[in-house]
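I've put the structures underneath this note.
The same subunit A turns up in both complexes below, where it pairs with subunit B and then with subunit C.
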Partner chain A sequence: MTGTGKVLVVASVLVAILLLTPHTGSFMLLLITRALVLAILAMSLDILLGFTGLASLGQAAYLGVGAYLTAILATKYQFGLGPGFPLVIVLGFAAGAATAAFFGLFAIRATGVYFLMITLALGQCVWGLAYRWNSLTGGDNGLNLPGRPEFAIRLADDVTYFYLVFAFFVASLVILYVLVKSPFGRSLEGIRERELRMRILGYNTWLHKYIAFVIAGGFGGLAGVLWAHANGHVSPEDVVLTTSVDALLMVVLGGSGTLVGGAIGAGVVLFLREYLSTLVPWWQYVLGGVYVLIILYLPGGLMSIPQRIRQRRGATSDLAIAKGLAVTPQ
Partner chain B sequence: MTELARRVGPPVIGLCLALGLNLCPTPGTAGEELRVGFIAPMTGPFAQVGKDMVNGFEMYNDEVKGDLAGAKVKFILEDDQAKPPTGVLKAEKLIRQDQVHMIIGGVLASTGYALAPVSTREKTVYLPSVPAADDLTQRDSAKFPYIVRTGWSSSQPSHPFGEWACEQGYKRIVAIAADYAFGHEVVGGFQKAFEDCGGKIIQKIWPPLGTIDFGPYIPTMKEDADAIFTLMVGPMSLQFPKQLAAAGNKKPVIGGGTSYDEFALPSMGDEVIGHVSPLQYSAALDTPRNAAFVKTYREKYGKVPSYFSETNYTTAQMIHEVMKTTGGTWPGAEKFVAAMASLKLDTPRGPVSFDEFRNPIQNIYIKKVEKKKMFGYDKEELWNTVIKTYPNVSQFWKYGEEAFLKQPVYSRDFPPCRFCE
Partner chain C sequence: MDTRFWLIQAFNGISYGALLFLVGSGLSLIFGVMRIVNLAHGSYFLLGGYVALSVIWTTGSWALAIPVAALAVAAIGLLMERVFLRPLGFDPLRQVLLTVGFAFLFQQAALDIWGGDNLDIVPPAKLTQTVVVGRLYLPGYRIFMIAVAATIGVILWLVMEKTRMGAAVRATVDDAQMARGVGIDTSRISMFIFALGAFLAALGGVIGGAFLGVYPGLDFQILPVAFAVVIIGGMGSLTGAAIGALVVGLADNFGKALFPEVSYFTLYAPMALLLAVRPTGLFGRD
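Right, the complex of A and B next:
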């Protein structure tokens, strides 16, 4: 499929989500809103994992920073519940990016498993702060937000909030897509493929990775702001290691290096966990089974299915040609 | 017509059941359906606690055959994995999709704090049968008008226990407790009451929630204390007494109720014999009502009921009492809350009524772990023998609500450790 064709498919799926979601049940609406927020987080991680080749286990930290910032501003300073909300979004993004800029100083120098371990440790530091700094974060009780912002629009209404989250999701998708298609994005892919060669070509690979890390942190922070208001509650449980692992699994499940894959993965994981668990008690086996099967049979994630089908078709037609050749009389 | 109905009825109903359709007519239902959303951990480290909770509620429900004064109970269980954000989502599911009349449960205090605003937002009754976070029915009570607490508040048993500790002649006590809100509140209540009658807390140690190796903490405990106050939860309850005994401790050990609850007691060793703790329930409570409760429960589920079982059994009983006053019809959330808060009833734990903050006023039992035979069981087992009863204890103890609510909620730093050395 051509590039334009792919963009058209994604656009039509997005329009379908936009049109259909308000007509689903009110619980489904909530799930889809949350899936979109997690999709932003997963896409931000895909910039690192899929395009730069950095497997980070600390992405929940930026979600946490954004979410706690929102909750602390709202509960302690009554800020961001009116016209100040757009500013909170900017602040959330900036706080995520700033945290990443700080963590990046330690993390970017490492690669592979060491990078994984350092991001894990840094992520746990944020969790530790959230859990222990009682006076600011409410400790393990977390923080309850007084309500969603109301200014020109009333976000307390779930459908309105869905539209807002949807808009930010689309904006993130477009911005990140433009980013990975830009020369900067191509150089990130170059680093993923062979960092040494990029360095020899004269690229400052450390800086490239660092910038990618900061951008990913920023979008993580944005997801955090939206997450806080989606739940109405922020808890250390949001920042815990499993959230980071979930984000990683979402990207791998959907297909890393595709952006959209992360979003699909977010949807699949959230629905398997939060919706299936309301239907059957053995949902964990299904979730585990899906993970194992995809890793075993679809290492490229769900996004690699069309390509696989095409390959198979190609292979069979090749076979047919070969057979045809064999029966032609000599 | 009746002939036809009799012939066609069963296959049609069978088909309906098979397809799980709610659209099919259910013959012969007089009262309405009472949809009860129950949130408890079914997976993760607190899964056993969740099981105890469900068993308690189910036992009452089975006793009345799912019929609460004419209302048919539809029990919908959701697993929150003891994580507050998951609990919030499951509560939203129960309210929005299943349109339950009420939410019951949650385990951790933090889950209680997370679910309370959901109940306010969705105007749905929430009965925290286990979450004991003080402020749900204290300083934040006005924010949560749809809450009736059917369990207890964390510091409620601690206050009389502090006084009891003074009576034992303890002067200096070291506190070691799980480092989270529930732990802070249990220790805080104890410290306040104990220091008010002349005692001194000389050291506070806070191992993180989920600690199982107390090696770094036990040697730091002050040698010259008269007793040790401990508050442990879950797997910590099992490990701490073992390691304390192994370290050669000779001091008396007292602690919060969850440290020795029947949920963990059968798995404990003889090292906990003699340890004393307060709670609003003990399985060894020697009343005919409780003896019958324990025997039926044990026969049904193969273990002694814990407070987690009792509190949910009692919650079901309370709902039944309210439904009796309405003749089996749902009165609406506000009226239900008002009716429940005015109940006075006899339960396995003893007489229970509610204060105006909708927290139970109930007996607090000081319990000592003993190895003995009880209720005619022929094996020697560990039981929480009741050694003293403080009747009708309110969450404000003797302080009066106004004076009590003026002070901040108990935390790691309140009351301040004035006698710490």
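Right, the complex of A and C next:
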């Protein structure tokens, strides 16, 4: 499939989600809204994992920073529940980026599994503060938001909120897509493939990775703001190690290095976790099983299925030609 | 705050460190030999506790529960390594991700089999008596924990330093390719170390079960703490794991007692800092 073809497919899927979701009932509506928020988080992680080759195990930290910022502003300062909300979004993005800018100073030096460990440690720092700093974060109980913002638009309405999240999701997708297709994004892929060579070619690979890390943190923070208002509640659960692991799982499940894959992964994981869990008690076997099978047999994730099929078909028709049995393939 | 406070806190820190040594040493060895960050290690700890509970419920013997649980979980670890991790070859990221998948599967299995309640392992009354040392009243069980960790530590050290197998393991940690070159069967070493790591984690789970409890979610709670141990000590080093466990145990206890609001921060921030400055930890080798 050509580049334009892929963009068209993605665009039509997005339009379908936009048109169909409002008619799906309140449970499904909220589920899709939450999946879109986590899709932003997963795409931000994909910038690191898929395009730069940095497996981060602390992406939930930025989600947490954005979410806690929103909740603290709302509960302690009554800010961001009216016309101030757009500013909170900007602040959430900035806080995520700033946290990443600080963490990056420590983390970017490390490579491979060491990067995994250091991001885990940094993520745990944020979790520790969220869990223990009772006076600020409400500790184990977390913080309850008084309600969604109301100004020109009434976000308390779930459908309106879905539209807002959808808009931010599409904007993030487009911005990140432009980013990875830009010369900067290409250099990131170069670093993923062979960092030493890029360095010899004169690229400042540290700075490239650092900038990617900060951008990923910013989008993580943005997801955090939307996440807080999607749930109406913020707790250490949002920052805990398993949330970071979930984000990693989403990217790998969908297919890393594809952006859209992370979004699909977010949809699949959330669907299995929230919807399947209402139907069957053994849903987590399905989640774990699907995950293990994908790692073992489909390293490219769900996004690589079409290519796999094409390859297989190509292989069989080649074989057929070799045996002189087939008509010319198109 | 008098001397007594400091002594009691230090004692508590050391005994928690003893437990952490059991979890951390296995994780460290697995990393050293296979370069795998085993995210299912917390699950071994949890499963150890649960299997021990089942043994206690059926036979009533706590002493029997320890070896049965540790060996059962070692068998699970061995299977995981042989059937799933080994075939992936040397692809650390995929192996790490695979261990996450297993952690989820184990979580669900534990929930199905043992339910979602907070359970407790009750050790024999003899072990839970209070021991009086000078003017200090010390819980006997914590002394037992320290004794177990010390014994295991000495045995591990002897095996690693004095036996042929231990030498082969050390060679593999240092340079797996070279080790293969001189005829060491690194595949067998990996299998042995993975089973040993699972064994130690499960042992920690049984012993810690009387102290932390056994409940869903414990797996992902103990995992980052175990990582702190491994990172501070240096991956692949036994001495490092012992010292890392002590440091983390003490830091955790004093942190909670002195600055409760930032106690986890005081644990993980030095860990991140150390990783940035010296990625191989205090005792690890590149």
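One rule holds in what follows: the second predicted complex is superposed on the first by the 324 of 330 C-alpha atoms of A that agree within 3 Å, B and C clash if a C-alpha of one lies under 4 Å from a C-alpha of the other, contacts with A are read in each partner's own complex, and residues count from 1 in each chain.
Going forward, contacts are C-beta pairs under 8 Å (C-beta built on N, C-alpha and C of every residue); 3 or more make two chains touch, one makes a residue touch a chain.
Because the structure is predicted, anything quoted here is derived from the model rather than measured.
Overlap between subunit B and subunit C is detected when the two structures are superposed via subunit A. In the superposition on chain A, contact is made by A:Q124 with subunit C only, not with subunit B. By the touch criterion defined above, A:N134 reaches both subunit B and subunit C. Contacts of A:Q284 after superposition: both subunit B and subunit C are touched.
Touch criterion met: A:G232 reaches subunit B, while subunit C stays clear of it. With both complexes placed on chain A, subunit A has more residues touched by C than by the other of subunit B and subunit C. When both complexes are overlaid on chain A, the residue A:F102 reaches neither subunit B nor subunit C. When the two complexes are overlaid on their common chain A, residue A:L296 makes contact with subunit C while staying clear of subunit B.
In the superposition on chain A, A:G112 makes contact with subunit C only, while subunit B stays out of contact range. Residue contacts after overlaying the shared chain place A:G25 against subunit B, while subunit C stays out of touching range.
Put simply, subunit A uses residues 134, 281, 284 to touch subunit B in one complex and subunit C in the other. Contact residues of subunit A toward subunit C in the complex are 55, 103, 105-107, 109-110, 112-114, 116-118, 120-122, 124-125, 127-129, 131-135, 240-242, 245, 248-249, 252, 281-282, 284-285, 287-289, 291-292, 295-296, 299.
Those residues of subunit B lying in contact with subunit A across their complex are 42-43, 78-79, 83-86, 88-90, 92-93, 96-97, 108-110, 113-114, 116-118, 121, 133, 180-181, 209, 411-412. Across the interface of their complex, subunit B is touched by residues 25-27, 30, 34, 134, 139-142, 144, 231-233, 235, 237-238, 274, 277-278, 281, 284 of subunit A. Across the interface of their complex, subunit A is touched by residues 31, 35, 37, 39, 84, 87-88, 92-94, 96-98, 100-105, 107-109, 111-112, 220, 223-224, 227-228, 231, 260-265, 267-269, 271-273, 275-276, 279 of subunit C.
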